[in-house]
Structures are given as structure tokens and as C-alpha cells.
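Single-structure report; data block below.
We just call them A, B and C in the order they show up, numbering each chain from 1.
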Amino acid sequence: MSTEPATTTQNLEGNEACALGAIAGGCRFYAGYPITPSSEIAERMASELPGVGGVFIQMEDEIASMAAILGASMGGLKVMTATSGPGFSLKQENLGLAVATEIPCVIIDVMRGGPSTGLPTRPAQGDYMQARWGTHGDHAIIVLTPASVAEIYAQTIRAFNLAEAFRTPVVILYEETIGHLRETVDLPAPETIEIIDRQWAAPDDRNFLPYRPGTDGIPAMPRPGDGHRTHMTGLTHGEDGFPTQKPEAIAAANRHLSHKLEPHLDRIEQFEIVAGEDAEVIVVACGLVARAAKRAVAKARAKGIRAGLFRPITLWPFPTLPLQALLQPAGAVIVAEMNAGQLIAEVERHAGDHCRVVGLNRIDGEAITPSQILQQIEELAND
Amino acid sequence: MTTGTPKEVITAAALTAPSARAQERPTNVLIVGVGGQGVIMISKVIALLCERQDLDVKQSEVHGMSKRGGSVFSHLRFGQRVYSPTIPIGEADVLVALEWAEGLRWLPFLNPETGTFLADTQQLIPPFSCRSRKPGAVTNYARHTVAEVAGKVPNCFATDASRMAAELGNARAANTILLGMLSTALDFPEQEWLTVIEQLVPKKTIGANLRAFAAGRTWVEQHDPAAMHAEAPAVFPAAADLGDYVARSAPEINAAWCKGCEICVKFCPERCLFMNDRQVAELKDPDLCTRCRVCERLCPDFAITLHRLDA
Amino acid sequence: MTEAPAPEFVIREYLREHLMPHFLCPGCGHGIALRALLWAVHELGITKDRLAIVSGIGCSGRIGAYVDANTFHVTHGRPLAFATGLKLARPDLEVVVITGDGDCLAIGGNHLIHACRRNLNITCMMLNNEVYGMTGGQVSPTTSNSRYTTTTPLGNFEPTFDACALAEGAGAGFVGREITLQTPALKNLLREGLAYPGFAFIEVISDCTEIYGRKNDLGNSAEMVLSQKAAARPDVYTNSVDRPFRPNQLRTGVLARKDRPEYAAARQRHLQSLGNVE
């Protein structure tokens, strides 16, 4: 390519990059409620959205914010809300509705120490399982864990694309530290950004059923006013959208919700592998911790230790096969996370008997350091 | 033995002989209609005319409770000397009816030998004359046609004065048309009528009222009573039009949707619904249904439908 | 020239007939309220494609599904929040919220007062039957004093909400109340609320015959609506007496109508004044 796409360089905080990514990704409706450490996202959205013809509204609570974005999404807009752990818990009720009724939406959770009010100004990774299983019932969900300001921007855009393509809520998790971290970012030219729009039902399709899976397994969405006059309900529903009590229809509906992402894992899964080819010790870490792990791996390699890093960018669905391929030759895996051990269970069930799985956890409100990880790598390499 | 001198002595002969008073018997005009038509205005015109002729005049009216279509009547008596303010039955020289049924109601007051009946054939059907609430249902409104009435009274002049007035540009001037008709039956100079009307009506409507007066007067002068009756409008709608009425209007009850709450049965004012042995509302007597739609509107199950009459 | 008369209201034209008969108990007033709503929609000429009905959870939440329109059956207490997003995204839709006394005043109370405060152009029809019917008849914020419910087995002693006073106090531009027995009046009230440019809150006094009525020996639905009628005091009477002439008064009719700026219009004006939008 002879001409490089024009980029703009900006010094941005993670939360700002999230807001700008949302605008670039097509977000035109934001509803939120103030909560540390995510409030800057709302503040930036409030100033950005009117200029692009979008709507910002600060709702009366976290629950209302989540409900409002679902309403706006059913109206046809790309929507987002942002919060932190306690607020994320309040959103889980309507996140369940979004799952059940397959409403595209993006939810940002800037993770702080918990449980409860916990440590509002300190980083943590305590919401990995809340993001996966926080809402009630079986379901699939997409959770992304960017590790830098630039990645927050890019992954926020991608979150909208995934939400719209697969009619699913997409959660972005990053730690307080990255939310408030300033980095210099090259923002791509708008025309180079890939944007995916949802699939609308054809207005003249008289046989349209709002929950009949399309050829890609994802149902097209009815746009109110297009003449379909469909029903949307949080009750378990058949392909016609109406509640059903038939066991086979219920099973089909729930199977669909649990498995609808599986045919599309190649588009959904993203991960980073650092020095993985011949690694004997693999560090699995996301977000902030992965930044420390990358440095630890580099230091270990410098010391002649065959260490590697597996960083899921898509945390859920968990990139199982790429990790298993990486762990085949490795003898040990360190799961470093700023919680008491959430991700480790997921790694353990995929690691196989030959591979030793060790947790490296920190729950004191401080970040895991490269030297901590290096020390753990060295211990395992010497065993 | 009686003492003293009576001031006046009425002999037995005087009681039976034609008296002076009888010779100067007053003229009796009975004006009837319903509220708002202008009965009192006609009375006032005549009263004023009499005053200008130095005649004794008495007027007795019932009004005020009749604003919305109730009966209004005015007895008007004038002559050299008038004692009683009301007209005895059978002694009205002229009966002016601004509304057809009101005219019929007062016909017994008309002098059966010499009376003149002046009527507007327009019908203002009062709510209570229609005991059946079915739309288009036959009312209890008087059924007599103009021809029938004309055969029973000495002089009958009946026309659709309201329509005439409307054609002249002001439907409310129907009473002035009647006034014009009345002017042919009473012995006052035409100019006197015009003067009095000008004096009584609002300035803006003087022209319209004078035109209406002239139209009424001309109508009587130019029309042959026999021909008049023939061309008078038919008073009643043909009942045949309502032949299949019940079949089209009876509520349809969708038994599959009815959950048997009984609210329709309880609220039907005509009691034409009942709960059958399956606890579903059923029509007992479609003929009683008046299409009031209480059942349709209160049915929580949307099980009752009153179909469009035009369907 | 006379205009052609509007076609007569036929409720079947607004129903998803394949779902009928509906699931409501015999005599439930919610059906009458739904008819009045659709009747008002018909009279205003709102097309089914432009009508969006958002409802919450409970008996009231389920009736939206029977309407052949864009219908959204959302989470418990949240229909007003969902509707806020929908209306802001799609101002062209006529957004109607159907909710109940529990859905709207208990779990959704926060959303109600803020919807009233914002004055976004949404019509909220709250069906008040004084009880949680769907879950078997528990006490609600509007359950009358001393009434029996499954969670007040000794009779209710808690004070009740006056939903209309609450909505008015929170700033709703249009507030009204009507009983189901006065179906044409209820239709007219809903019609006025739908036409009102702002947030319209309309409380419908409905009857839960099968659960609440039975438990409290209130009679069949005919008797229940008649007792509502006896308690109702149309607001047009208020000027004729200084003091209520019935102790158990229930004010009905249009109870408040204020000229307040509608949310979306106010937002648009505000942004325009800043030169922020074209």
C-alpha cells in the first residue's frame, strides 16, 4: 500500500478512548448513572453525542440506564452504558432481558475493588465471573478485556460490531487503572474503521418471524414502524416472539441462547500470544495484569527461561482451543489475576492432566507487578 | 223578604238571551310550539297590534321550563272587552302550530265550525316520545298526516315553514312565516303587521323577517288548500325500512372468548342476556336489544361485538 | 361539506386474534381498560405500526401482547425506563406504557417519579387493582386498609399511595383517574392523555375479582365496579362543594394538566440555542 490511512494522534485517558470508540463504532444512544471509576465515559458521551445527532441521558439509576438502552436499541439505535461492579450488579436484571430478547447493546464495566462499595478508586479484576454469569439463567455472552488505551478504543468499536452482528450484549471489562491511564493513541481515520450494522427484517417480508434464526443463526430484527408489529418478551418465547410452554420450543429457544455464538467463534475470539511457540511456562492474564506479565515474560526469556503469555482479549467465550494448543507442549501455566481466583477454574478445565496450573492472585487493591510474575515463572521453571 | 236595592239585576231572560257581551265576543288565537321556536314572539306581535288598535288584549302563556324542546303555548284573546285570559276548548279562532305534534295536541281547542289551523309540518321529536332506544326505531310521535288533519278541521294551512325559512336564508324565521300566514286570518292592515314586526325583531334581522312574513302571507293567498295537502311532506318514515333491524344489530357473542364473568348480564339495561348452563353469556331476547353497547364495552374478554349497521 | 364519519371502532382490528382468548381471569377489569385504550388510539387515528406498547411484569404487563402493534414486555417495574429509551430513539412512535400498581409504584416507583419529572411524551396507563394478582394476591402499595391478602393474613394496616397525587407531585404534566365502568369516560381520558404533549399518567381503577375480590368478599365483577362507581367522585364536582361529600372519595377525571416543556422538545431547543445541532 502506497498511501497510509490518515490517523490522528491524541493523548487520551482510557475512559475517554472508550467514549470516542463508541462514537466511532456508531453509538448514538447512551444512558448511564454516575459511578467511580467509570463516570468519565458518561461525561465524554454527554459532550460527544449531541454533535453526532445522538442522545445522552443520565437516568435515575443503573437499572433504568440499562432498561433505557434496551428501549433505544429496539428503536434502532446502537447503544451503550457504562458502570462499575456495584452498578453492573444492578444492570444484571435487564442484561438478562437483553440476552433473552437478543438486543444488541454494549456495557462497559470499569472494574474496581469489591465486593460491595469495596475500593472505588483501586483496580481489580473481580467481575470476570459476574460478566460471564452475573445475570440469571443459561446464556452466551461476549466479554472483551482490552489492556491499553488504544485497545479500549479499538475493542469498543469491535464491541458494537459484535453486538449488532450477533444480537447480543457485549461487555467490556477493564480495570480502574487503565480507565484512568493516559496514553498516546493513534486513532484510525473514520473511513478505515469497519462498521457492522444489524440485519433488519425486510419491510415487505410478510412471513417474518422475529426470532427465527437467519442463515447465520442470528434472527433479523424488526424495526418498529416497518409493519411487522412484533412482540418482544422476556418470557421464553418461540420463533414468533410469543411466550411458549412447549418443552421442545423452550429447549430450542434456550439452546439457541446458549450456543448461538459458537458457529462464529473465529470472528468473536481474539487473543494475544507472546513467545508461545516453545514455552514451557505459560502465563494467562488479561488487561492490566497482562501488561505486567508481558514484561515478566520478556525478563524470563532474557534469563533463558522459556516463558510465554496467553492474553485473552475476548475473555468470554473463552478462547479454549488456542489456549489448549499452546498448553500442549507447556508443562505449567500461571493464571495471574487480581481476584481470589476466577479465571483459574476456566484454565484448569482446559489444561489437561499433564499441565500444572498455578494461580497468582492479588486482592489488596494493588496491581500485580512484573517481578511477582517473574518470580513465579522462575519457581515453576526450576521445578 | 229581601231588603235593599241590588246594584245590578240580571234577569233570567238576560241569562239566556244573546247578550251584548256575546256579540262582542273576543277573537281567540292559540299559538303553540316547543321551546325556542318563537311562540312568544308571535304573541307579542299580535298583542302590540291590538294595543295599536285600542283593543283589549289578554295573553296567557306557559314557557320557561321548555327551553329544550318542551311544550310552549300562548293563549291570546283580544276584542272590545276581554275577561278570561284563557281560551275555552273549541273556541280558538286560529290555532298557530310551530311544531306539528304540538298543533295536533291542541286541536280540540280549535273552533270546530270556523277555526283555522296554521301549521309548520316540521317535527321536533322529543326524547320521551321514543321509548324504544333502537336507532331508527318507530317513535310514539303523532302519526296523523296533513291530509287526515285537513279533513277534520274547517280551514287547514300546513306547510314546511322551516324549510321555507331556511330557503330564505334563516331557518329561525319559521315563526315569521307563520305570522305571515296568520295575517291572512286576522283583520289588521298589512302595514300594521310590518310596522310591529320591525319594532319587535332585532335590527339585523328586520329584512329577513319581512321577507319571511311576505312569504307566509303569499303562500296562503296563492295556494289552493286541496292541492296544498297533497304536496305536504309525508310525516313519517316508512316502517318497512326497519324490517331486518334486529337481525343486523343483535350482539354477537363469541362463546370461545367468554369467561363467564356475568358483567354483561348484570349491566344489560334491557335484560336481554343470560348465562347459559355452560356459564357463557347468551342472547335471550334479541328483540329487546337497543344497541346501547354496555355489554360490548364492559366485556373484559372482548367477547361481545355489535356489528356495524352499515356493514 | 361534511367530513366522512370516522370508521367505527372494532376492537378485533387491534387484537392479535390468534392469541385470544386472553389469559386474564373472568371479570378482570384490565380487559375493559385495554379496550378503552385501543378505542382512544382508534379515535386519534394512531396507526398500529406507529403504536408501541411497553409493559412490565404482572397481570397488567401481559395484556400488551394481545395488541397488534409494536409490543415490548420488559422487566418488572422497568417499562417506563425502557420506554424512555425507546421514545428518545424513536420520537415518531406513540409510546404507551401499561403498568400495574406493584409494577409502577413499588418496584418501579423510582422510574415513575423521574418519568413524571422529565415530562417525556409518553402515556402511562397504570392499572390499579390493589393487589399483586399474578403472584397470587400479595399486598401492594395501593391495597386498602384492613383488606386481606396472602401477605396480610390479619388485614392490611399499611398506608397506601395515592398514585395520582404522587405523579402530580413529581411533576407529571397530565394526571387523570377513571374507573372501568365508565368506559367512554375512560376512553376520553386516555385520548386526552395520548394527545397531551408530555408525560401523561392515567390511573385506571381496575378490579381483581378472582383473587382480591374473593379474598375480601367484594362480590362479582359487577358488584366490584359498582362499588368503585359509588366511591368515584368526578373532578367536575369539586367546585360545587367546599368539602368532600363522600368520606371515601376517589377523585376521577382530569386531575392535573400543566403546560410544562416536553423533554425532547426542551432538549432540542436547548441544543439549538447553543448551536449544537442544526
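Criterion: a contact is a pair of C-beta atoms (placed from the backbone, for glycine too) under 8 Å apart; a residue touches a chain by one contact, two chains touch by 3 or more.
Here the structure is a predicted model, which is why all the values come from computation and not from measurement.
Undergrad: Among the remaining chains, which ones contact both chain B and chain C?
TA: Of all the chains present, none is in contact with both chain B and chain C.
Undergrad: Would you identify the chain whose C-alpha centroid lies closest to the centroid of all protein C-alpha atoms displayed?
TA: Most central by this criterion: C.
Undergrad: If you average the CA atoms of chain B and of chain C, how many Å lie between those two points?
TA: The mean C-alpha positions of chain B and chain C differ by 48 Å.
Undergrad: With chain centres defined as C-alpha means, what is the inter-centre distance between chain A and chain C in Å?
TA: Here the centre of chain C sits 39 Å away from the centre of chain A.
Undergrad: Roughly how far is chain A from chain B, centre to centre by C-alpha average, rounded to an integer in Å?
TA: Each chain's C-alpha centroid was found; their separation is 84 Å.
Undergrad: With touch defined as at the start, can you tell me which chain B residues reach chain C in the complex?
TA: Touch list, chain B to chain C: 256-263, 266-267, 297-303, 305, 308.
Undergrad: Which of the residues in chain A come into contact with chain C in the complex?
TA: Against chain C, the touching part of chain A is residues 29, 31, 50-51, 53, 55, 57, 59-61, 63-65, 67-77, 79, 93-94, 96-97, 222, 224-227, 229-235, 242-243.
Undergrad: For chain C, which residues are in contact with chain A within the complex?
TA: 16, 19, 48-50, 52, 54, 65, 68-75, 78, 81-90, 92-93, 110-111, 113-114, 271, 276-277
Undergrad: What residues of chain C sit close enough to touch chain B in their complex?
TA: Within the complex, chain C touches chain B at residues 8, 10-12, 15, 20-22, 24-32, 35, 180-181, 183-184, 209, 220-222, 225.
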